[in-house]
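Okay, so chain A shows up in both of these, paired with chain B first and chain C after.
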Partner chain A sequence: MTCPFGPEPDPRHGGGGTAADTAFAVLLEDSAEELYEHAPCGYLSTLMDGTIAKINTTLLNWLGLAREDVVGRLRFDDLLTVGGRLYHETHFAPLLRMRGEVSGVALEIRRADGDRIPVLVSSTVKTGSTGEPLLIRTTVFDARERRAYEQELLRARKAAEEAARRAEADRARLQDALSVLQQSLLPASLPSIPGVETAVHYHTASPDRLGGDFYDVFPIGGDRYAFFLGDVCGKGPQAAAVTSLIRYTLRTAALHDPDPVAALTTLNAALFERYTDGDPRYCTLVFGILEPDPDDGRLTVRLASGGHPPALVLRGGSPRGGSLRGGSLRGGCPRDGSPRGGADFLHTPGGMLAGIVPEPVFTTATTTLEPGDCLLLYTDGLTEARTSKDRTALYGDDALRAFAAGQAGRSAAELIRALSALLDEFGEGLDDDTALLAIGVPARPSPAPSPAPATTNR
Partner chain B sequence: MSTLDITVRDAATGPVLEISGELDFASAPRLRDLLATLELRAGQRLVLDLAGLAFCDSSGITALIAARNRAHAERAGIALAAVPAPTLRILAVIGLDQVIPVYPDSGAATAAVLTGPDGP
Partner chain C sequence: MDIGRRNNVTLTGDPDGPAVILAHGFGCDQNMWRLTVPALAEDHRVVLFDYVGAGRSDLSAFDPRRYATLDGYARDVVEICEELDLRDAVFVGHSVSSMIGVLAAAAAPERIGALVMVAPSPRYIDDDGYRGGFSRADIDELLASLDANYLGWSAAMAPVIMGNEDRPELGRELTDSFCATDPEMARIFAAATFLSDSRADLPGVTVPTLILDCTQDVIAPREVGAYVHREIPGSRLITLDATGHCPHLSAPEATNAAVTEFLAGLR
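Let's turn to the complex of A and B:
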């Protein structure tokens, strides 16, 4: 047979007897016919209608068929599985007709014993001198190893996806558990108190949203309510565990004896007894009692501080320096003669943090909120927020008082909204938990409005 | 990365810890660890010299309280010396200046007569 693959290489090396020469001599024995029949891939040639005209031994062996059963009797697509046949008819053959070649298509061939072999099929159309199609040449590569590898990849991917699904389920379950715990630390909502408005904001620096700051407002019988706000040392779950102890101790203590100092003393005893080992746990906090007077709308606040930053009292009435538009002089002066409008600290000097010493000093203070007034409790996340890149510039007490003065006369909700916007402005400068609690007495409805003008502008 | 340097020296009254740099969430455990192994005897006074303290957050405050607890456990006294103004302000707010005696400098803290667990 003539060699369709061009002249065989001509050995140019002289001499003989070396191993290289022996190997070369063996190669010379390998004819093109031998290569065609026993190549490591299947070859077949078909007429344009698919009828198999020529097929090599390798492919016959894969199929488990005899040459005489195939040549002239079967078409290429007869060798394929049902699915493969369909794909061949709808995609492979049209593409081949259109482009003259198709490369590396994954199909499955069916063996005589019914087994399947995944293969990669490439075909080219041989054309005559005038360009008319003559026959189709096809190579078939055994893709069993490759398929196994792909399936292994697929299995690994499925396993990874399953692991990710499990991790996500675990995360969701932990998040559920966390949210239940979070609700045990902070009240879901504050009680509605007649004639009093409360508002809160809570920022936690911990990614698990378990904070070391806490607050609560709750009824203690009669028309009275207790409130507290504080800061546990540390952050995250360890701080949260102490927070839980503090919250329920204070609630119980307040029901037993609502006197602020008595409640703080009970809390101190509980903390001091619980955390006396090498890992000190303590908190600073303000605890107080609210006594609304339904007759005149005033709210008496009696509080005690355990080493906590002083509360701020915002007095409503006309803002300092503000004009008295419309001639309506609201506010005026309260009975104690202090100027209306603005904000001042309700100082509680000398109060000591709870949980460190057996008999701490707690400092009391009392104030009366008139309609339009507001009491603001906060944790030092607010005043210790960094206002520069380094740690030299902190927001500070003076800035807070000035900011609060600008909010005097606003409702508790408006005050908290303004402060939470301020916290947002700190951005990364706010790296600690921060709790805010505002207790306000809503301003009385304005006196009868001045007569409406006869005409209105549209 | 916060910087914290702690140098231990012995005075007639007991160990003096010269603490400089930043005492915060990241570095406070180093002071806590050092306190746990510090040799401290009954009747001595542990002095924390804070002259070089550039920053102290609530974790630092907790470490100071741990130092005080350690001293009490050994029936020793404790004192702070040369507390920078910002930290002194925090100590005053939380009332810790009533729990741990504060001296203007380590000389005063180590010279003061020992009369009780927390000094005079």
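Let's turn to the complex of A and C:
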């Protein structure tokens, strides 16, 4: 086997090599001076005061100036536009002094014919052996194309910032609109009913604050008032639209015929007709009538339920005793006037959702609230709040009844305050809309002038 | 509000010495004074700060309306004086800060006892019988220059905004943030600076005032320095043999000598 003399030919040179040799020879002839003068960028060196000591041909050509008009006669900032000079003096020059180098600053140079060339300028300070600054070396790159590109970027960035500003304004406007709509779904305040205290709490789970829970209390003529509280299937804007329909339908129905079943039947017809095609919407709710008796201070409650969780009745243990009450009572009612009473559900089994079948069954119940008693209506956001550490267990009916029993004898406002504190404790475990409505008869005789009940207590 | 954090106030020197406030001008921050501080620190309590919007100030405190005029910056100065309970402090202002010092001294005369103006100009734009050196178009061009560097400045600011102060590997970026300013805020400061007209405030200056100008300064030419000297009663003018607008950087020895001599004369 024979070996060829010398190195293997480099395959990248295609075996020939003469063209490459020629190119290399040309490179060698490109002296440092030649490279400096005709480099594809501008070079200049200045004294520390900016006086130009050396400048290359490329930059002179860009400027349209002769070397003898520049060297020793002009300073670097004389080459700049006035605005650029201000920027140079206030930012570029101090920065260069402090750091010894500055790179990529966008400036414009002025040509002799008045035209401008956008450039990118980088400078370094050459220092002597003891660190004293000797001169400034500067390179100048033609940035015309780059600047056009940057202008585009800048435009895009400003457009994006403007879009973000607009989006934020839109968001705020939408939020305002939503909150107005939300207010149309719920009463701004509850009517003042002689001898009756009402209190509410409302929690929306959706970030747009449009809830699917609803409630209302309103006069229907005479001394009577109607109330309702319910829960639309779903959340957000669609649920809110149904809520709106429900609220005004019930208000109208109650004025026409305040019987609870009649009102729910009218509502069912409206919902069933409206949503039967394609997009079924329905709700659970309790609707009732309040009939205060100004003579004995009692409040009769007649209600009907459409598949809604049962109301809770809290007995305050008034001295009148429980024998006259309508609703079931567990735990008894102490006759000593102490605030310890009990709480029990006012069951309404078998009531059907409103809006889902043409002729549903609604279940009625009646109770009488004595002074110190309270009726609590709630949605299942409360009882289905996820408790326990792993958030798997639900709060549940039993826990609610036990909690309510502990509040028996409190006013409606106190009860709602205690329950909203409970909701706060649930934290993230409360993930559904929740509405609470308490209707109570204030206990006697605290503000009343008559000493009689106090005497009876003894 | 924590004024010290808002304005990145730095205290150095002799805590019991007379107070000297060093105020940077447009385009940079308190780092500009790093060649000045050693000359003052031995005998003086030296107060350095960044205007809100510049350097390492709290950018979230920037209120575009407040900082649209020099009065807003003067309020920064007065609030710093109040925070530190300074009395009869010497206010050394570079460039536009000279005029901010005039406003601050008028607003809180008990706080500021003397002024040193480094390369001051009460008005940059030419006017009838007054030569500031620039036309309105020139100033608009400067504002355009700021826009041209918008992307670059934003990039330089990023490490500061991200607050990586305790990460040494970002030290270089932090060094690079010297004199970097949020472009929107820089634009507002630039407009407040270069469109201002403080000429009418000069005759009202009652405290001892030293004016330093440079032999060659395109931003504050010598005739502007002479104008300021003429308008402020009893002021002293020293023209430094220096080129450019920042003699405290380009001719620190001469600048420091003039300032320390003036300070000694105040004792």
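Annotations
To be clear about the criterion, the second predicted complex is superposed on the first by the 320 of 458 C-alpha atoms of A that agree within 3 Å, B and C clash if a C-alpha of one lies under 4 Å from a C-alpha of the other, contacts with A are read in each partner's own complex, and residues count from 1 in each chain.
The rule is short, and it goes like this: contacts are C-beta pairs under 8 Å (C-beta built on N, C-alpha and C of every residue); 3 or more make two chains touch, one makes a residue touch a chain.
Fair warning: this is a prediction, and the values are worked out from it, not measured in the lab.
Applying the stated contact rule after C-alpha superposition, one finds that A:Gly104 touches chain C and leaves chain B untouched.
When the two complexes are overlaid on their common chain A, residue A:Pro118 makes contact with chain C while staying clear of chain B. Of the two partner chains, chain C is the only one that A:Leu86 touches; chain B does not reach it.
In the overlay built on the shared chain, the residue A:Leu154 is in contact with chain C alone; chain B does not reach it. Once the two complexes are laid over each other on the shared chain, residue contacts for A:Pro360 go to chain B alone; chain C is not touched.
Within the complex formed with chain A, the chain B residues making contact are 22, 25, 36, 54-55, 57-59, 61-62, 65-66, 68-70, 92-96, 98-99.
On the chain A side of its complex with chain B, the touching residues are 231, 233-235, 276, 278-280, 282, 284, 306-309, 349-353, 356-357, 360-361, 380, 384, 391, 432.
Residues 25-28, 31-32, 34, 95, 134-135, 138-152, 175, 178-179, 194, 216-219, 243-246, 249-250 of chain C are the ones touching chain A in the complex. Taken in their complex, chain A has these residues touching chain C: 48-50, 75, 77, 81-87, 89-91, 93-95, 97-99, 104-108, 118, 147, 150, 153-154, 157.
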